[in-house]
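Next come two complexes, and both contain chain A; in the first it sits with chain B, in the second with chain C.
Coming up: the complex of A and B.
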């Protein structure tokens, strides 16, 4: 009886995961616990960070087979959801249904500030290439500067799948840290007088213009960069649902139920790619560092474009609006408003900042399409 | 290196051309819609 019991207990120890735990797994659990803390206690992008942390924790448990190719549950989520380009476009459908292009349409010249911020993406791409990273990895790191989570994931899955988890966490971390990262750059690059510039009110936008825009923009931008089609098409379709006002059920489903469901699958799949062997590498620190540089350079380049536009414009643009050209919607716009209000309490920049903020989303999609076309 | 520079130039050009075309589209749409609605309101009155 005694030896049998011992034998059975030994058997349990062998088939359980305890005997196979490595220190690397322990480090990944600690990181997952840190993400749990940031998501729950600090509310840092909890919708994404919580499922990412959980996916990361369970993917780093031994013998689960969750990421076993062809068999694992999380592998299937990843393979059919992210690698097959299903989830990021569905997220964009929801984002389109949530987006009001009105502020951008009322002040169309601010659209160029969204383009200006993308210069930072391409500058970081060059910087990463000069440091010896290959083109695909450099593009994936550069797009972090666009501060657009689903686009970053879409591009990483196509060009550098081994960096997917790292760049996704970097992108969402920096998006959550916009209120800390952007203001010092904004203050450094503008004078007090520039921050006090008041914007001329925009024109009133007719509903018909809002209906025409997603159709026209979808046509033009997909023709210009066909590789951006999966994300661009869904973004514009979602927006058409919103503005046409004839498919309220589809609009509601896109921006609520569908968006929530795919967010769960996106988060847990991204977390599951963060295995110890993928994540515990010196390259990860490099990616985080360059991602921060990308984000900072994008902020700065948006401000520089705004200043350049002021050289030729009669109605001056508050250069702070350039910082909203990164597509962290609506966080970047809120930060612009806050920094502007510090200089002049009565200067309401929020609605103006939403224009470049939304243009930044379109700019990042074009940049991602260019990377997919030229770096694959 | 030349490939990197090529991506940089093509990328920046695509983004600015795309935004430029969108800018013109928005302006033209505003003019056309403005005229249409003005005509409708004139017809109504």
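Coming up: the complex of A and C.
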């Protein structure tokens, strides 16, 4: 009796996961707990961080088979959702339905600011390549500078899947930290007088322009960078749902139910890629550091472009608007408004900043397409 | 008569004054909301609110008249 009981207890101990827990797994749980805390107590990007943290926790448990290729539940979510490029484009469908291109079309010259912010993305790409990182990884790290989560995930899955969890967390962290990272750079790069510049109201945008835009942009931008098509096409389709005003149900489904559903699968799959062996590497710190550099340079380069445009333009642009060229929508635009209002409380830059902000999303999409073409 | 115009497109979230109120320059008269951000709209003059031409919850365009002040 005695030895049998011992034997079966031993069997249970081996069958359960406890004996196989490693310290690396423990570290990953701690990180997951930290993310739970940030998401729940600090409301730090909770829609993504919460499922990411949970995916991370369960993917770092022994013997679960969750990420076993061909069999595991989370592996399937990842493989068919992210690796097969389904989820990020569906998120963009919803984002398209939520986006009003009006502020951008009302002041088309501000589009250049959205392009200017991609400088950080490309400089980081070049810098990382020079430091010996391979092209695929360098591109994946550089795109963090756009501060665009779904685009970063899309590119990482295509070029450097082993970095996916890291760059996704970096991109979403910097998005959430926009109000902390950007203002010091913005104050440093502009004078008080520049921050007080008030913008001339833009022209009125006709509804027909808003309908034509997603169709024309869908044609021209995809012809320009065909590799951006999966994201760009869905983005513009979502926007056409919105502006055509004849498919309210499709618009609502894209921006609400569908986006919420795929967000669940996106979060948990991204978290599941963060296994201890992928994440506990010196490279991760390097990725976070370079990502921060990319994001800071993007902020600064947008401001510099605005200042350059002012050299040639009669109607001066408030150079703070350049900082909205990163694609954290609408966070970066809000930050521009706040920093502008510190200098002059009657300066309302918010809606002007939405122009470069949305142009920044398009810019990051195009940059991702360029990287796919260059590095594949 | 001084008109207060909407400084940006957005939604009238809160009206912090009523007709007949005496107000000073720079008092917060209206709080607007756009892109999930609140923005205070300040009085352009010292005087008495003569007429409020918007309601809470209403969407306004940039430059639309919000209220009139007898100054």
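Just so it is clear, the second predicted complex is superposed on the first by the 376 of 376 C-alpha atoms of A that agree within 3 Å, B and C clash if a C-alpha of one lies under 4 Å from a C-alpha of the other, contacts with A are read in each partner's own complex, and residues count from 1 in each chain.
Note that in this section a residue touches a chain if its C-beta (ideal position, glycine included) is under 8 Å from a C-beta of that chain, and two chains touch if they have at least 3 such contacts.
Treat the numbers as computed from the prediction; the structure is a model and nothing was measured.
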Exercise for review: Examine A:287 and indicate which partner it touches, taking first as chain B and second as chain C; both and neither are also allowed.
Suggested key: neither
Review point. Counting only touches as set out at the top, which of chain B and chain C does A:171 meet: first, second, both, neither?
Key: neither
Check your understanding: Given the touch rule stated above, what does A:147 touch, chain B (first), chain C (second), both, or neither?
Key -> neither
Check your understanding: Touching A:351, do we find chain B (first), chain C (second), both, or neither?
Key -> second
Check your understanding: Of the two partner chains, chain B (first) and chain C (second), which one does A:309 touch, if any: first, second, both, or neither?
Key -> neither
**Study point:** chain C versus chain B, contacts on chain A by residue
**Key:** B
Review point. Looking at the overlay, what does A:156 touch: chain B (first), chain C (second), both, or neither?
Key: neither
Review point. Touching A:330 in the superposition: chain B (first), chain C (second), both, neither?
Key: second
**Study point:** Residue numbers on chain A that touch chain B, as the complex places them
**Key:** 104-105, 108-109, 111-112, 114-115, 118-119, 121-123, 125-126, 129-130, 135, 138-139, 203, 205-206, 208-209, 212-213, 216-217, 220-221, 224-225, 359, 362-363, 366-367, 369-371, 374-375
Exercise for review: Under the touch definition given earlier, write down the residues of chain B that touch chain A in their complex.
Suggested key: 1, 3-8, 10-12, 14-23, 25-27, 29-30, 33-34, 36-37
Check your understanding: Which residues of chain A touch chain C in their complex?
Key -> 201, 330, 333-334, 337, 341, 345-346, 348, 350-351, 354
Practice item. Spell out the residues on chain C that touch chain A in their complex, using ranges where they run on. Key: 7-10, 34-37, 39-40, 42, 62-63
